[in-house]
Structure formats: structure tokens, C-alpha cells
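Look for chain A in each of the two complexes below; its partner is chain B in the first and chain C in the second.
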Partner chain A sequence: MSTKPPKDHFNILYFASAGSYTSKNVEALPAPLPLRKLFDTLEERYKGIRASVLDHSLVTINLTYVDMPEDSAEVDEAEEVVIQEGDEVAIIPPVSSG
Partner chain B sequence: MGEGTRAGAPTNGTRNGHSRRLDDDEFDRYSRQMVVPGMGKEGQLRLINGRVLIIGAGGLGCPAAQYIAGAGVGTIGIVDGDVVEASNLHRQVGHATSRIGMLKVDSLITHLRGLNHLPTYIAHPFPLTPQNAADIIAGYDLVLDCTDNPATRYLISDVCVLLCKPLVSAASVQKSGQLIVLNCPPSPQGLVDGGPYAPCYRCCFRKPPPPSSLVSCGEAGIMGPVVGMMGVAQAGEAIKILASALHLPPTEPSANQNQNLHQPTLLIYTYDLDAAPGPYTFRALKMSSRKPSCPSCGAGSTLSLEGIRAGDPNYEQFCAVNTPRCVLPLSERVTPAEFHAARERGELPRHVVLDTREREHFSFGSIEGAVNVPFGRLLMKAAAVQRDGGEVRGVLPEGVLTQTAGEGGGEGVEQIFVVCRRGLDSQEAVEKLKELGLEEGGRRRIVDIKGGMKAWKEEVDPGFPYI
Partner chain C sequence: MATIDPDPTPAQDPSNEPFSLTDAGCFVALTDFPLDYASITDRVRSPQAGAIVIFAGTTRDNFANKPVKQLQYTAYHPLALRTMLSIARELKTKHELKGIAMIHRLGVVPVGEESILIAVSAPHRQAAWRAGEEALEACKDRVEVWKLEEFEEGEGVWRANRDGKVGERVG
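Here is the complex of A and B:
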């Protein structure tokens, strides 16, 4: 079983270069967090991670792919994806070597 | 479940070839896999009639090819322009010490013939290019992407979309591996109505990583079992797809649909050298189906084989392959030979050498007196200082700027020489140190050693253990 995040937190997993950049495989971040704020939140913690890692990575919530909303897009509150307490988010950069 | 009722499977095994008796040779050889529920004689015949193209005869391609050949896939093509090197052998298990220097395709086919002489092996002893990709891929039913760079990955995916070929894609570097089945079953480019349809590589990974973040197996290293596991898994998927005809459009509307092929799983393997397998070692993540906005397979796609041949899209440019990173002016660079000569003559009284390679590289040796400051950690410390403030000197190990190498002793370092593996990171490190103000108003010189330890070995110390 995976480690459960503390109360009012979600787990975020960092794969491949995301793991090298943050020097960790997993950590807990405060929830709830709107998905469109995720990259800003990570950029605050790890300066430069957006351009080096996040912009070309794919993101999953609870093992399922999610589209990252555009920053500028109008937000319809009913459709806003929000990362909830206890969720598991993953940052997956492409790996190219073989 | 009977053969004929299996989802998407043909009723008599004839959808990708004719049904026939198996030869005695085939019967013996494939008996152990044919008795596996779901395989049977018809599954085996579909493998025998199947044609698989393996692009890349390296760490993924070798293990993948072994199992595909062993399973009796009838036609196996292999694309690779490289030759076997000793540093390949810890992971590229289809080659051999005795075949160092041989073309990888020839070496691998030699090995595969020893394993199973029945398949037809086709050598394509050159790299895949936008000019030759469509002609090669057109001759096969299914493609395995076992390559090592993003430009070729996008090229392969685009051509597979246009030629309606399923693609089993894997990748691996250092301690991670990824595997995904794409474009399976294939559907025509641009088709969105009546979906969902299976995605292509661009649906999943829209943008290539910036070149500065790209690491090759040569630089970052690779553990043999990690890439081997992904290659074997590729073979497993390829055999499954061919034996069960999952790559063909379903005969009944409900058939392949219930297998969720249009939302493939991305399998991720994370290998920790210093920890037992844990909850995150294997992760299976559900991807999205074909994206209507995908520039390759989506509704408005203008991609064409003619275009690709003529250089549109430009894969090298898309992946910025040849963009040189940060070239410093000559005044801030010195060749290893110049540095060495100046130091021998005692002209560098108060200097320090920073070696920005990873700890593992540094552990094999460096320039005498060099201090190891791994590039990644340097950038992170620099970012922290720039964000939170704090002592600029803190980005370097304690005492580095007060210690002195060479003659003179005294108060502090007047020159910093930065060296890395091949001379790219070191230039960025020089810029970063200057940006932080470590030149101290021109009182200190910060210089790049051109070409890194590779050039040091070539110009100064031929015996240096360069990796």
C-alpha cells in the first residue's frame, strides 16, 4: 500500500527527471488545490522546474491522465478540476533514451 | 472461451494469413507457448504470419528481439546504423564480446539465428530518417520503438499514424523505464467521430523535453535490468497484439472496445539502487484516448508522408537537437592544454578547479586538486540563493574560495576554472557563477575549460579514466 498523505494534503509523485530535479520521489502538498495552480505551486518550491520539466510532462490524478488547463482560459467553476485531500498526483516527463 | 469467439479474433485464423498444419519443427519449438490458454495453433499461426519491425538494436531492442524471435514471429526487421561497443554489452544482450565493431543489426541477427533459425530476418543497417521511414515501416504489421532520441520517436509515431501501424513504445534511462502501446488498433489519421480511438505518441507527449534536460545513456548511465525489463515487456505486448489480432479493427462493434485499448496504460518502472521494491516501483497510469487537437492523428492534422519526406515537420528543429547551448566568448574559455601548460609554468597562483560532473563520474578521477560541484546541485543552490537571498558563496562547498591551489598561498582564489564531462554544463556553470556575482567586480576571473574531461584526456592525459 502507498503511504497515505497527512490530513488536508495530497501526495505528489515525481518520476524520472522530475525526481532528479526535486531530489525526491514523493511528497505531500496542501489540498485542496485547483489543478491549474499546480505548476505555479511547484515552480514556487522548485525554481525553474516549469521550463525544465513540467512544460513537457504529463500529469495524472489517481492514476488517470488529466489535461492541464491553460493558464489564461476562463474558469467555469463547475468544471474546474480540483486536487482533493488524499489524491495521488503524478508528474511524468517523457523518457527518450533506450 | 473458444478461439472463434474471442474478442476481435478471427474465426479461422485467416485474418492475417492462411491457416495450415504446423511443421514438426514448429510444433516442438512452440509447444510450450501454444498450450497457454488463448494462444493455440491459430494464435501461433498469426505470429508466424506476422511481420515486426524493431527500430534500435540496443538495450531495448536486444531483449525485445530475443523473445519475438523465440516466439516465432515470421518476419523480423531490425533498423540500426551503429556498431557494437564494449560499453553496450552490460545491457545489449543480443551482442557479444567477439562481435565488437560489427554492425549492431548483423550482430543481433547472428544471435537471433542461433536462437531460432525459422523466422526471416531483414537487416536495415542505417539510421531511420524522414526520407526512409515510410518505405521501411510499410513492410511490417507492427513497430517497436527501441530508439534513444526524441526526434526519432516523433518521426516513428507520425509515420505509424499515417500508415495505420500499431506502435509499442518503450524508453529507459538511468533508473527509470516507460512502456506504452500506441495507435492500437490503428484508425485513420483525422478520424474523431465514432470514437474514442487509440492515441499516438504526440497525444501523450505533446512537447519534447528541452535539449538541456536531455540525458543519454552515455551521460546519465543506465542499469541493464531496467532497460531489459522494458524491452522484454515490449516483446510481450507485441506477441499479445499479433497472436490475438488486437491490432486489426474489431469484427463486432463490441469486440476490442471492452479491452480499453483506446485508453492505453503507461507502465512506469522506477528502480532505486538503495531501496527494496516499494509501492511506487511499478505504476500503471491510464492515458487519454486520441486527442481531437492532436497535430498528428487529430481532426485538423495536415501531416503527410510526402511532407515528412520533404522535411515537414522538421523533427530536428522541433526537438532543437542541434541548438548549441550557451557558448561563452573565447576570453572566458581555455583549452585543457593551455590550462595545463599555464599551471605547470606556475602562472596560476591562486586558482581552484570546479568539476561539475556527477559524483559517480568524479569518483574515477579528475584534474589534481579539483573540487566536485555537481551541476544539478549547483543550479538548485543557485536558485535557492536567488529566490530566498543568503550568502552567495554558499553555492560552493565551504572554503573553496579561500583555499588556494598551487603557489602563492594567500588570501583567496583569483581564478575559478570550471570543467565538466564534455564542456557544455561547465559553460552554463560559468554564466551562473558570474550571474551570482562571484567575479566580485572583476577581481576574480571565472573560466571554462573547453571540451571538458573528454578533451583533457585527448590533450593532456591519455591515461585518464574518462567515462
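Here is the complex of A and C:
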């Protein structure tokens, strides 16, 4: 799908409306990054993406769906999901096969 | 058979990941080429089957009476294949199918052509009818494939099966 991210980075894939909004299919972002900070990070780069795309999209890390933690939730460091160097993250908007 | 075999040099997949997955009695694939009824049927043919049901999804020339010029499908290949295989396995067990095969076309699909073919075989027709319908509904719900409708007026819209509404405008 995409080339390996550079050192200390992960790849994020943007499908469908996410790709239209960012005008790219993939980019490398700095790792590690706690999952709960992902949407803030993207919102900083692409103003308005949270409301128009992310709020009704799902997220995968290395082909597995992950729950997006609440911003306000107490952080238990042992259980915190952190995106690691070399990971492949994807923004999955509502699908439309068939 | 060539149309459903993995393309050795797929244009959209520089990493050369396989475009199909198989498991006992299950076959799922993505392709950039036109779909072929005979080859998908042969994937599920069985001497123990008394019925093969085939579903073909074709691309419509309008959405809410707006003329559609062409449709384009894109996929998260490895995840879409994984999801398709998991749907196939679930339905094969649930309906005691002899075989189930699903293939989705990607890229530009001209209006009126097949975008998805599903074939299921079972000892008796009732199970085959039901499994065929459930397979299509499960695909539309879950498989990581997206449809971009390009209208005659020039704009493009990502469709969302979930609500049947127009998605975000892209042009």
C-alpha cells in the first residue's frame, strides 16, 4: 500500500473523504504518538477535518480496528495505546462497496 | 480465469501484496479488471451442491435522478480482503455452504458494468439464496472499499452505504 515510513515516524493512510480532505493518500507523522492525540494532531494540520471526516470515521493500527479513547478520560499509562514507529495507521470513513 | 487471478504487477499496489485470499471453500479477491461470471462460478462448483446462486452488483447511471458519468472504487487492499474472507467464513459455517466466492472490481467501472460478483453453492437452494443475500449485505456494511460517483456536472461524491446519503463533495 505504501512505502516504509522514515525513522521515528509512522504512516497514516487517508481513504475516500479523508484523502479528499488532506489531498493525499498517505503521509508520515512523528512517532511515538498516543492514540488519543491523533485527532488533535490531524486537526492542527487540516483544520476542520475532525468535524467533516474524523468524527464519523474508524481508525485502524496495523490492520486492526482500535477504539478512540475519550479526550477527557483518565490516562492509565499501562493501558494507553501509543502509535509506534513503523506502524500503519488508517482513517476509515464509512464504506461503500457493492 | 485470468480476470480473477492476482495481477502480478498491480498498478495500485506497489508493494505487490496479493489481491486474493483463499481458505477451505472460500475465495475472495479484488481486481482492476472486468469481472467474469464463469470463473467465479467455477470457484464454488461442487458435486455436493444442488444450487449455485450468483449475485451481480452493477453500476447505476444515476443517484437521486442525477446523471452519473462514471464510478470509481478504491480499497484498503489488505484489510478489505481480510474482512471479505471473514464474511465468507462466517456465512459458509452458518449456512453449511459448499463454497463461497466474492470478487470486487476497483478503479473506474463504467456505468452498467459489474462492480461485485458473489457466488455461493449449497446442497439446497434455500441456504444458497439466503447466504447470497447476507453476503452482499455484509460486504456493503463492512468491506473497506469506497465508491466515488462522478456526476455529469463534474463534481464527485464519496458515497457512504451506511446512510445512503451523499457524502462529502470533492470537486
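Convention: the second predicted complex is superposed on the first by the 92 of 98 C-alpha atoms of A that agree within 3 Å, B and C clash if a C-alpha of one lies under 4 Å from a C-alpha of the other, contacts with A are read in each partner's own complex, and residues count from 1 in each chain.
Operating definition for what follows: a residue touches a chain if its C-beta (ideal position, glycine included) is under 8 Å from a C-beta of that chain, and two chains touch if they have at least 3 such contacts.
Quantities reported herein were computed from a predicted structural model and do not represent experimental measurements.
Asker: Given the touch rule stated above, what does A:L13 touch, chain B (first), chain C (second), both, or neither?
Answerer: both
Asker: Look at A:V53 in the shared chain and tell me whether it touches chain B only, chain C only, both, or neither; answer first, second, both or neither.
Answerer: Touch status of A:V53: both partners.
Asker: In the superposed arrangement, does A:D67 touch chain B (first), chain C (second), both or neither?
Answerer: First partner only.
Asker: Have a look and say if chain B or chain C is in touch with more residues of chain A.
Answerer: Touched residues of chain A are more numerous for B.
Asker: Return first, second, both or neither, reflecting whether A:I92 touches chain B, chain C, both chains, or no partner chain.
Answerer: After superposing on A, A:I92 lies in contact with both chain B and chain C.
Asker: Do any residues of chain A touch both chain B and chain C, and if so, which are they?
Answerer: 1-3, 13, 15-17, 20-21, 52-53, 60, 63, 90, 92-98
Asker: Give the list of chain C residues in touch with chain A in this complex.
Answerer: 13-15, 17, 57, 73-80, 82, 104, 115-116, 136, 139-148, 158-163, 167-168, 170
Asker: Under the stated contact criterion, what part of chain A meets chain C in this complex?
Answerer: Chain A residues touching chain C: 1-3, 13, 15-17, 20-21, 52-53, 60, 63, 90, 92-98.
Asker: Using the touch definition up top, name the residues of chain A that touch chain B in the complex.
Answerer: 1-3, 13, 15-17, 19-21, 23, 25-26, 46-48, 51-53, 55-56, 58, 60, 63-65, 67, 90, 92-98
Asker: For chain B, which residues count as touching chain A in their complex?
Answerer: Checking each residue of chain B against chain A gives 56, 58-61, 146-150, 153, 170-173, 176-178, 204-210, 212-217, 220, 222, 227, 266, 268, 270, 272, 279-280, 283-288, 376, 379-380, 383-384, 386-387.
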